[in-house]
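Right, I'll just put the structure down here and ask away after.
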Amino acid sequence: MEYFVIIISAIFVSNIVLAQFLGICPFLGVSTRISTSVGMTGAVIFVMTLATITTYLLYYYVLGPLDLVFLKTIVFILVIAALVQMVEIILKKSSPSLYQALGIYLPLITTNCAVLGVALLVIQKNFNLMESTVFAIATGIGFGLALVLLASLREHLDLVNVPKGMKGIPIALVTAGILSLAFMGFSGIV
Amino acid sequence: MNQWQNFIKGFIKENPIFVLVLGMCPTLGTTTSAMNGLGMGLATAFVLVMSNIVISLIKGFVPDKVRIPSFIVVIASFVTLVDLLMAGYAPELHEQLGLFIPLIVVNCIVLGRAEAFASKNGVWSSLIDGLGMGLGFTFALVLLGATREILGSGSIFGLKFIQGDGMLVFVLAPGAFIALGYIIAIVNKLRKA
Amino acid sequence: MASKKESTLLNMVLTLLIISVVSAGALGYVYEITKKPIEEASLKKELQAIKEVVPPFDNNPFDEKFEMEAYDGSGKIEVYPAKKGGEIVGYAVKTYTDKGFSGHIDIMVGFLPDGVIENTKVLAHSETPGLGSKMTSEKFKSQFHGFNPAEKKLIVKKDGGDVDAITAATISSRAFCDALDRAYKTLQKGGKIK
Amino acid sequence: MSEVLLNSILTLGAVAVVSAIILYFVAQKFKVEEDPRIDDIEEALPSANCGGCGYPGCRAFAEACAKADNLDNLYCPVGGNDVMKKVAEILGMEVQEQRRQVAVVRCAGSYEHREHHNVYEGPENCAVAHQLYGGETDCHYGCLGLADCVRACDFDALHMDEKTGLPVVDEDKCTACGACVEACPRDIIELRVLGKRDRKIFVSCINEDPAGPAKKACSVACIGCGLCYDACKFDAITMYDNLAYIDDKKCVLCRACVEVCPTGAIWEVNFPPRKPKPAKKKAAATAKKANETKGQTTAKPINISDLPKEDKPKEEKTEAKQPEVKQDENKTEEKKNETNENNN
Amino acid sequence: MKDNKLKLVISHSPHVHANNSVKKIMYLVILALIPELLVSLAYFGLGALIVTLTAVGSAVFFEWFIQKFLMKKKPTISDGSAIITGLLLAFNVPSNLPIWMVIVGALVAIGIGKMSFGGLGNNVFNPALVGRVFLLISFPVAMTSWPTPGGQNLTAYTDAVTGATPLGVIKEGVKNGESISQLMAQIPDYWNMFLGHVGGSLGEISALALLLGGLFLIWKKIVNWQIPVAILTTVVVFTGILHLADPDKYADPLFHLLTGGMMLGSFFMATDMVTSPMTPKGMTIFGIGIGILVVVIRVWGAYPEGMSFAILIMNAFVPLINMYSKPKLYGEVKKNGK
Amino acid sequence: MVALKTFKKGGVHPADNKFSADKPFVKAPLPKMAIIHVTQHLGAPAKVLVKKGDKVKTGQLIAEASGFISANIHSSVTGKVMKIDNAIDASGYKKTAIYIKTDKEEVWEDGIDTSDDLVKDIPYSPQEIVEKVKKAGVVGMGGATFPTNVKLTPPPGKKAEYVIINGVECEPYLTVDHRTMLEKGHELMVGTKILMKALGVDKAIIGIENNKPDAIEYLTKISKEYGGITIQPLKMKYPQGGEKQLINAILGREVPSGGLPIDVGVVVQNVGTTVAVYKAVQKNMPLIERTVTVSGTNFPNPANYIVRIGTPIKELVEFAGGVPENTGKIIAGGPMTGKALSSLDVPVQKGTSGVIFFPEEAAHRKPYQDCIRCAKCVSVCPSGLEPYLLMTVTEKQMYDVARKNHITDCIECGSCSFICPTYRPLLDYIRLGKKTVMDQIRAERAQKQKK
């Protein structure tokens, strides 16, 4: 039940994008086409999970014991950056097809607050390793849900006559706003 | 480009938020009031200026492959610095801005500027660029913060001017998106005119 | 086109190492400096809170703080005895609830030795701004000043108690009462108050 | 040194070194070669992603450039020669200069020249109307005036003239991307090479009907009489399907054809008004020479600059017909040579 | 050879038209809303009148204003869609809501919910609900104090006697551990709920009047039956299962059908053609989605009523639904011939 | 009475306005100058066989088929070839046509039986029938003008099971098929037998909508004399006459997307075509005349005419009473699929089934608005398409999306434009998108073949 609560909360109630304001740049940037948003979702879930596990271990087995928690930001981001770059290089060589699908989004992820955000959040929330992993995956799914929804809406908006001044980012933001308004209906469920 | 233009471009022409649409998370997450916007903006501006300076200083020594990690370390150091200083000397604000202070690290603007400007230009230009961009960012944050505060709480910089509450939505997530959407639309219009 | 420098193992490692070492050094140094102010800041906050919720005292409550198992076994609460001239003048209790609209809330509540509430202060919460967040407002808090849980019910009026809920934030109000109730009952169980 | 200081330096140093080493080896092991020049070229391109070059976007063009042995068949019409020079520089190659092109509208059938005897109702879209019928006039070749070309232009270089119902090209803005050529369902728009001082001569009509119906449908139609064909000494004009066509590669801008056209279907653009000087045989000769030079090296823009400025070919009788042409450098509207008015 | 000045019109076929129009559709919907309007006027009196007029008036005004001055287009207010938006917005708020809030709601509905997207036909979210939810979250107090229906306060407006809605009573009660059967005593009986003698937003109270209007629209083929039927069936099944599992914690299906915005939402708001899917299959999925969300929010969420949220959330899914519920092609080839 | 059937998916109900249903055929006078286009059918233009100055007889071959899908063209009058020049046709474009000035005296080509006697015996083999049909230049008269002989030659491996005769005439105003069924019932029956023989099938069904009860009754009666032919009454619904819909209505089968009726074992022929086949086979009569309804709400005397191909519509209309006062639009064919004429100089062609007048007030289209996503168009589309989407993506030139959404399956029935409450010109755009996508497909196919 504990995990169920974490999952529902991360996906719907405290959706990372719509309620927590993390990962907004890719949320706006990559949501022009459904296909790309699906690819991005895959990449984010993957990296987010990997990064959360790695930073979790580092935090509790290195930084904590050495009383160096103030270095967490710098260490985490370094690890994430290296991780992303590594994944990218490896994918490019070992699985070009997967690289085609996910690779192009990887550089974007380094500067995605959501990844660092989740790494920091699991520490703030005192999750254990398993909870952290589940939380990271669920958060990634929540990110994907918001991303794919917005992408489908924006593809739709491409076909209708949005006023010139609102085209592009403004209407995407307003749409995201109403989406977030609608998602407030989930509040209190867990 | 003279330094003045270099400085001023961050406000409207290349405003990181309105035009480049980067650094959205702190923009939306911390602007529940004008004051918070100001604090966040200045913190970011500080990191931006300092890391721009340092990066333009060290750019010659850094090999290409570790360029990004190196820059990130530099940026992260300044972020931690701000974090620590703020926690020590401005605990109230630190609590308000919460998670978003460490997240300055991944603020696309900071790294973006490091990559796009500081790693190619001299110290002085980089400083000006950082300052311009940083203040442009702050300007945008204060604008958004003020809008949300006025509509959402009926106050400005904490000064209440109506009885009771404002429209709560603007303090919450949806209002942030919506308000920013319209501000960008208006800025776009002004920029074209 | 940034740097034309070749990427060899040595210079990669060296560069990153130097940068990191310098950063770490600088940060470590700053950390040393700010460590005290940060600690002081958070101490000050707690002390401030204690001062707010109990009558004037002259001891250092931090030295005498002790922990108690909550009466319902749901966790631990911290108690700071406030003394004046060695005499107990009240207890500042750091209590909590998980029933807030957005989950966990930490509250400092002060009791006089006879169990009457002196004052309250919300330490940490994530309730909705403008709604639940109003529990920090004087208007809501003032009703607890001199509130005797032995005589009145620490329950919102809607549920048949004596507490005026915040409009449109009954959930937060309820949670608030829950936290106070926990502190009260725990102290009572531990025999600290009547 | 305090413990914290030491610890932080050690830890961070270790993390950094480990990442650097891992990165290094991973990078070595999984190396994928990509021509770095592609990025450089892409940066040099205007990133309009218009496809005017024939490739799907600027990146694809950059890749093609990097792969190519020479740049003869690669040309970015938006960036023009400047950009191609830059690209060549990056690749260390020579680039052949291409002469500037602009879009021209080969239809002069304005409202006053063509009678409209039907009313089209439907979407404002040339392609849709074209599929439906021949047009509101008897000319089934001419412009439909519903502005598909205008909408296709990304550079704001086209607009509809309210009075004539025809599109007008702003030569300063036109980048010769060809989007309008693609868009026009009637193939009215063509990219033409500009001569010196942006001059050009072309037949502003594509009506293939024989003389009678053509002339009846539109007073400024090319009726296929062949007079211009006879007048051209440079083989620049071909006749096909009752229609004359001037090859911009061969035309030396001597304007001989313009005068003989009985309907005024041939337009000369950006020429100064003709001066009443006697014709010089020399002019034609020089022009011929220029033509030959051009044939050998396409590198130079068309070269009749050997002709002294005043040295315009025969012009005696046209003088009287030549209206006052306002020398407005930016505007191209007054490209119309109105000699036809007199002919009608 | 000219056909004596005959200027023939040329256009693509078809050359005839069914002659139905947006205007006709919209005015029929307005007609269908009239019975409910009458019921609320009877039960809420002056307040209902003021709120309805303000909402409709300001919705139409904002549409006109925005089209005329911001979009520089010819205003199309006569098509009636703004009237519906205003009407439905009014139907979704308590009848004692302060006028200025009603106006803000209309501005949000029309300005943000509709015109920002380009006006009629281009919006992705139901405008009236955007306005309503905006108000609910902005002014939770005002939006959740419902005047009690009945004769005593027909002329009162803002100082009407207020009380809780059945959904609110149940929600509060269950949270406090009271059992459903106890709580049922505190609310009107089902027959009164069906007729509309019950607290709530001004246009959601009478299931009977709404049902009449809704059936009229279905008969006129203006709305498809799939959406309302899918919603109501899902709700009945879902709450039925819950009720059977624990009748003390979960109210019975009939209660859910008769309370809150269930009827109004199912027949008039989920069916807004602009913001609902295009095929019967898609509409069914859409309806089921709404049904599930409503129950989830009603039963487990913080809000006693989830209709608005459920519809808005499903509005966001419409493009995806459309993508995966294409109509069946005539002569679809299974193994992809050719 | 047999149960009424209809097709399953989509469809609309335009007012049928069949004003001329009880007007027997009248023969229209010969044209003064016949304008005979060499493209009156689907496929390649016919090759001109005459030259300026030649004298031709009625029924003489003047242009011959120039490919597998093409059709012979015969002179419809006796006279002199004046010129071979471009002339405007119903498509609104100028196409090659042969101008023949009519002599006073009519001389028929040898071997043509011009009498009205019914010939019931069919002594010919299937090959001979197809040959005769081809020689006579018979093309489908139901609208698509597809060369009939091609339809009668199923590709190898495909076998017809049914012949369906299309007597639906679902287009408003038009009544020629109705009149043909009433006046030429026996010819129709013999024609049907000929088709059955040519295709080697023993079952034929004539589909007729129930707004023509007299035709249903009459044909049911006489069909007893001819074995294997049944009459199927159908519920009124447009576009029931579309062959795919008709097959669906009668047999419940669906022609596969991109396929032909023969893929489900059916050949569909129009009533008029069948009579033309009868004449071609039994009387050696080439296709030189056809039936045309002249009608319209403001047209004082709607009627049905038998008209020689090549008669300028102007002459036909003058004979029928002249252009009504306030005419705003004239349509060749029915109002749902017909083409608006840009000029009355257009001649009657093999595919011209009607001339319909629209008064000024009904001639104009209403301005259109943004789509309100009412899904009416989706629900009426008999092909199961999403017209609103197809129009929009064509407008935005997203042809790949249009293609993925099967734009090529549109039968151009116009139901979508007819029903749309915002008057969107759906079919206008869909036609453009369909053509563009077809061109793309063809180009790809050509490319593949090259490789």
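First chain written, first letter: the chains are A, B, C, D, E and F, and each begins at residue 1.
Convention: a residue touches a chain if its C-beta (ideal position, glycine included) is under 8 Å from a C-beta of that chain, and two chains touch if they have at least 3 such contacts.
Just so you know, these numbers come straight off a predicted model, no measurement behind them.
Using the average of C-alpha coordinates as each chain's centre, D ends up farthest from chain E. When chain pairs are compared by their number of contacting C-beta pairs, E-F comes first. Between the CA-based centres of chain B and chain F the separation comes to 70 Å, rounded to the whole angstrom. Remark: chain A and chain E have CA centroids separated by 34 Å (rounded to whole angstrom). Averaging Cα coordinates per chain places chain A and chain B 21 Å apart. Note on chain placement: the centre of chain A and the centre of chain D lie 48 Å apart, centres being C-alpha means. The multi-chain contact residues of chain F, meaning those touching 2 or more other chains, are 92, 340, 342-343, 364-365, 370-371, 425, 428, 431. Within chain D, residues 4, 7-8, 11-12, 15-16, 19-20, 23-24, 27, 117-118, 121-122, 128, 132-133 each touch two or more of the remaining chains. Chain A has residues 70-71, 74, 78, 81-82, 85, 160-161, 166, 170-171, 174, 178, 181, 184, 187-188 in contact with two or more other chains.
Listed by chain label, the pairs that touch are A-B, A-C, A-D, A-E, A-F, B-C, B-D, B-E, C-D, C-E, D-E, D-F, E-F.
By the touch criterion stated above, chain C contacts chain A in their complex at residues 23-24, 27, 31, 101, 171. By the touch criterion given at the top, residues 1, 7, 9, 12-13, 15-17, 19-21, 23-25, 27-29, 31-32 of chain C touch chain D in their complex. Residue ranges of chain F in contact with chain A, taken from their complex: 370-371, 389, 392-393, 396. On chain D, the positions that touch chain F within their shared complex are 117-118, 121-123, 125, 127-128, 131-134, 140, 209, 213. Interface of chain D with chain B (complex): residues 12, 16, 19-20, 23-24, 27.
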